[in-house]
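Below: the structure, in structure tokens.
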Amino acid sequence: MGTFVQQVFNGLTVGGIYALIALGYTMVYGVMRLINFAHGDLCILGAFIGLTLLSGAAGSGHPGVALLLLAFVLAIAVVAAAGVLLEFVAYRPLRRADRLAAVVSALGASVLIENGIMIVWGPNVHVFPSGLLPETVWHVAGAAITFVQVLIILASVVLMAALYVFVHHTKFGTAIRAAAIDQDTARLMGINVNRVIVTVFVVGPALGAIGGLFVGVYYREAYFTMGWVYGLYAFIAAILGGIGNIPGAMLGGVLLGLFNAFAAGYISSSWQDAITFALLIGILLVRPTGLLGERVAEKV
Amino acid sequence: MSRKFLLGAAAAAAFVATGGVAMAAPPILIGVQAPITGTYADEGQGIQKAVQLLADEQNAKGGLLGRKIEVKACDDEGTASQAAICARQLVDAHVVAVIGSYTSGAALAAEPIYARANVLQSSDGTSNQLLERGYQTWFGNAPPNSAEAVFTANYLVNVRHFKRIAVLTDHSSFATGLADEVEKDVKAVHGNVVDKAFINAGSQNFTPVLTQIKSLNPDVLYFSGYYSDGGLIRAQMQQLGMKAVFVGGDANQNVSFGKIAGSAAAGSVILNVPAPQDLPYPAAKQFVAAYKAKYGALPPSVYTLTNADGMRAIMQAIAETKSTDPKKLEGYLHHLKSFQGLTGTFAWNARGERTGSPFVAFEVDAQGNYSILYPKPAH
Amino acid sequence: MSLLAIDDLRVSYGEIEALRGVSLSVEAGEVVTILGANGAGKTTLMRAVSGLLGKRGGQIAFDGQDITRAGADRIVRLGVTQAPEGRRVFGTLSVLENLRLGGFTRPGAEVRASIEQAYEMFPRLRERSAQLAGTLSGGEQQMLAIARALVGRPKLLLLDEPSLGLAPIIVQAIFRSLRQIADSGVTILLVEQNARSALKLADRGYVLEVGRIVLDGRADTLLASPEVQAAYLGKGHAPG
Amino acid sequence: MTVPPARGILAYRNEAIGALLWALGLALPAVLDSSWVAVAAIFAIYAITALSEDVILGRGGMFDMGHAVYFGIGAYVTAILNTEFGWPIFATLPFAILAAAAVGALLAAPLIRLRGDYLLVATIGFNAIFVLAMQNNLAGITGGSDGLTGLDVPVLFGLPLESQSAMFWLDWVALGIVMVLMRNLDRCEFGRTLRYLKQDELAATTLGVDARAAKTLAFAVGAGLAGLAGTLFAVQLSTVSPTSFVFTESVTLFAIVIVGGKGSVPGVLLGTALMFVVPQFFRQFATYRYFAFGFAMIAVMVLRPQGLWPRRIQNE
Amino acid sequence: MSALLELRSVGISFGGLRAVDQLSFSVAEGQIVGLIGPNGAGKTTVFNLITGVYRPTNGEILWQGSRITGLRPHRVAALGIRRTFQTIRLFAEMSVFENVRAGCHLGVRQHWWQGVLQLPAQRREEAELAERTHAVLRRLQLETHANDLAVSLPYGLQRRVELARTLVGEPKLVILDEPAAGLNDAESEALNETILGVRASGITVLLVEHDMNVVMKVSDHIVVLNFGRLIAEGDAVAIRDNSAVIEAYLGREDEEAAA
């Protein structure tokens, strides 16, 4: 029982992080039909920026929470700016081109950012300062749950709910959904589609940067190739939920976290990823457009 | 051997014959084959920097045999295909010896190429397959898994008397090899392995595996992988309230281990040859200080130092034999009784395996400092 | 001054020239129709006016302002809305959300009033307000597309093939609604295959052939013109 | 817009230039030192792999981001049959091709229902599963993370192909054969069928095209050719390990096809050269090498979205 | 005359929506049958059911007396059934010639490996296919456009290319989905001639069309659908006077729209 509850919490924590990063994939995909393979690297860039600020300020006597908030705000700002720049340089010129050209441009951007991080921060593992947050541990039904885990789970839920409200219950959110369906017709409504795309490239990377910072705060380490690992998992989460679908990305992220935990815990740790992937493929065979994805019936 | 090489050799011969002695002697070329980009970039860059540092120091003292030492680096990205290309490039550049690569896989792909061209190779690779082909040019500079495993099994079962031993590894060639040997040797001394589990290196999320291990109530968790994961495993063990002692293999020995594990680091045990900063050898302390002075950071891991030992041994062989003839150098190294390395005193057996390294168990304290736990220091 | 004045407009897709110097004008309060075969450039013209396409040459002025290079969103703000060819409703949004998007550039209170008016004109839409637009029938989708364009309170309404692919009975209903809209004072520029109905609704018409205006005049004149009858009305098929 | 007439002089001119360049390539070992001959040999191997990826991705229009699996199966089959069972290298070749083709067909059969990006993720998944299976020493014959080492030198008509030059010629001849096959593929009903499916699957099926069979066959052919390349790769390195077939290798193959130009043989060769050979020149800038590489990928796509040498629309 | 194609109580639902319900009608050999009805009545869905794009939830479809329900599209095509589409679906990157040659696919006997190896038998067959294609192009007066990119042609010609692509496969039944959509009245009159010509060459025709000018003039038999159900069938005169049809579809005849 304790083990099971523990695995659920393990899964939810990383699942929340995957979901936050997956939202960036799914939003960009929704509006541009582009798999932004550089997204994971942007998120980890957020972690590195946060890390630098925290390391610089650690021991300055300021309260940890305030520093952490500052680090979050600055990291989010920089990453969102990088996201917009990326869109402008690497994707905007390819809007009307074959979609695979943009995919390869995104892969190039991923290599560029990853190696850029290596050049700036070096190839070593970087460690986040400790003691910024309480190290409280609660024991629930035989499972140990830390303050950071609870923070990540709660913050993910709040952020996702906020995003959901923004996209589904505000005027600009409706405009984003309209642009995702049909850009030209959205223009005929007076929607500035470029502004929608820029918004998506601000919101997605910003949420991703929070995800990246959570990775840093939770594991207290960051290294330059991490973006690829988290990016891939988050992308898979987005696909699992049905890419382009925002609640789908949330569901996909959480499920992927849980799959991973249960596969490692109950089946075989040596085949952990294989089991996760097999499960993913199995789900796609039953639901070829993911769990919440639209069934695209082709108009004949 | 390529035509170009033959042409080069002929040209060199002609050069000597026409009395090129009066001119500046050509430099002695030492190759570095390492993963300078990619997942292992920190280790690869560490090796490159260490070798360069040693070469610079030696050159400041006038070089070797009156010739400067020149380092040629090649990025093998940690992959077999690039490693094979690197090996051919370094051979074609007429290097005397090559330091690297960091990963056993890349070292393996390059090994036959160096062997055929008679170029010495000193790598930290510990895969048994590196020894199986019996190449005379191979000189492993890290202690072999087998020796570490014997020490580990003895330490876990006979010294600490652990009753329930859990073994954890990643999927890398090195770590699985070590874990397999430790498991075998623990069983050989009648120890009880309750679980052998795997993590995905770099995936950071180890709590699912650890939760599962916790349910088996081990009194020790032995991890054969790398420090970046080891530190996290230690931290996540504490977070999960696991009481088991953490014992890490040699790849856990890194300054970052304690930083990553944070407050959980205290009480962790790491098994390795004595680390430079804990060694009484002045050479080791001096090297680490010089490295830090030049590059602004400590070496990324102990393998930087084992590879540095490879470089030092080859320089010593050149100096002692007054030659760069590979046959002479090989003979010298194979017959060396004891080499004063930065990572301990050792030698090479006929297969090029590093022998005679004393292993120790370190304990990490809350500040991330290491102290030797076993065997108790003599003084 | 005309409400819409197009002068020597040229538009190309790559090497293919779709519009080769089109000039036309629409006065405030008029209904103007453009006739032409498929591929003549009618839809290209509509998309160009709405700012969806880049122009190779010429000028478009609306209400005295040059909008040749203006972005689509600015043109909507100036008061030009469009019900595009093929209806193009946002299928996975509700009918109400579609209508609200039609008023994207307008203040909230005004949009609520406009939607109310639209519901009065098309009571079916009110019944289906919460339904996803994609589940409506073709005729209902066309009504939604027109209503959505009206919610933007246009000075000029562009209608691209409102009868395309609809059953005769629905086409009749749509044209009745268009009559009503025109009578309420909205200026309309209409592109239509169904030349007879279009000319009956319109005050004036233009005939577009391979990217050029080849004929223009009052609607009743065109309806009676032998060229138009031969090319667009078919020979001697009387009603019934 | 008029399309050039079928089989015009132009079509043959490109072929003649291709054949001439290939023939000139045979002389490379005479002018290059052995490390560059090795680069050329591995270029030929990767070019075959990229062309085989193009059968699925470029011609079949199916987003295969797990192509390293088939490459790996070819390499592993050769390595296992040679090192564990002592078969001569050339005897393993047909089995490497067939095994890879069979796995390709087997995986494709359920997957081809998936569209675009979903197929992409499923193939990524298979790549991950394959690498883990090799690392976990599946059935005790894959050698685990170390892989398998000590492959024999291939012997052709009693002649051991021992030198790097001999291996290069072997790879180069194989590349030549694959190039001819790709040209023929463009001109036969199977190749056309793939184009029909790619451009409009529904229209194609109502004309009688069995989409499932044709796509499965495309996967099998692409995988089989990758298997051939896998054998050559194992021979070139005389060692086979899981790291050569990881997901990033698949990504590179995918990018080669897009950067070069889908469905275009010269394009894919150019893509392989750009993505594999050019970085070899910049080893001394090791740290900055891949930063520049990423930048170059973006630049190529932005400036030439159709790829460096796109396929021409022409009658075939 | 025996029924070439027969639908018996065929039905299909999409997510609870009954798109086609208990539909039965038959197409006799040599006839031209028109299928009309308001938008969303399920006409195109019927075509998709016949050609195997959709699988019916109930009922059966018979071809020359034997069941073909649920066969996949390429198997249906192999029976000799070809179709066009409401929105033209030509292969975008191919010339007119290549588009039409695609219709020969089922007649190709070469194995894929013969093609990849370019064996002589394959080369001979390629020449035969080309000849067949050119014959159809001549018949539909498309010969001069053979090397043009199909999608660059005017709309009316594209429709004709699509028709040529169905005819080159020597079908028994051709299904035309709104062939007059986007044609002006003059063009649709020419279309009538073409459709009659197809029938004259012994091919049965089933068509969906909104242009009454076409449907009423060429159809031997007309089937009217509303909400997925059959509401009337008969010849043109009977349909024109049928009150249910007028109410659901044609509308009052006060305006020209009923045409």
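When the chains are written out, they are named A, B, C, D and E in that same order, and each has its own residue count from 1.
Please note the rule applied: contacts are C-beta pairs under 8 Å (C-beta built on N, C-alpha and C of every residue); 3 or more make two chains touch, one makes a residue touch a chain.
Model, not experiment: these values are computed from the prediction.
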*If you check the contacts of subunit C and subunit D, which chains show up for both?*
A, E
_Pair of chains joined by more contacts [C-beta pairs], A-D or A-B_ = A-D
*Look at all chain centres (mean of CA atoms) and spot the one farthest from the centre of subunit A.*
E
_Mean-CA-position distance for subunit E and subunit D (Å)_ = 41
_subunit A and subunit E: spacing of chain centres that average the CA atoms, whole Å_ = 48
*Can you give the whole-Å distance between the Cα centres of subunit A and subunit C?*
43
*When the C-alpha atoms of subunit C and subunit E are each averaged to a single point, how far apart are the two points in Å?*
31
*In subunit C, residues with contacts to at least two other chains*: 16
*asked:* Going by the contact rule already set, what residues in subunit D reach two or more other chains?
replied: 1, 132, 136, 202, 287, 290
*Which residue numbers or ranges of subunit E touch two or more of the other chains?*
53, 85-86, 152
_Under the stated contact criterion, what part of subunit A meets subunit D in this complex?_
29, 35, 89-90, 93-94, 97-98, 100-105, 107-116, 118-119, 228, 232, 235-236, 239, 243, 270-271, 273-274, 277-278, 280-281, 284-285, 288-290, 296, 298, 300
*Along subunit D, where are the residues that touch subunit A in the complex?*
63, 110-111, 113-115, 117-118, 120-122, 124-126, 128-129, 132-133, 136, 202, 247-248, 251, 254-255, 258-259, 262, 287-288, 290-291, 293-298, 300-302, 305-307
*Show which residues of subunit C lie in contact with subunit E when the two form their complex.*
16, 37-39, 135, 137-139, 164-172, 175, 193-197, 200, 230-235, 237, 239-240
*Where on subunit C is subunit A touching in the complex?*
47, 50-52, 71-73, 76-77, 81-82, 84, 88, 90-93, 97, 100-102, 104-105, 148-149, 152
*Can you list the residues on subunit D that touch subunit E in the complex?*
1-6, 181, 184-185, 187-193, 195-196, 199-200, 202-212, 217, 221, 313, 315
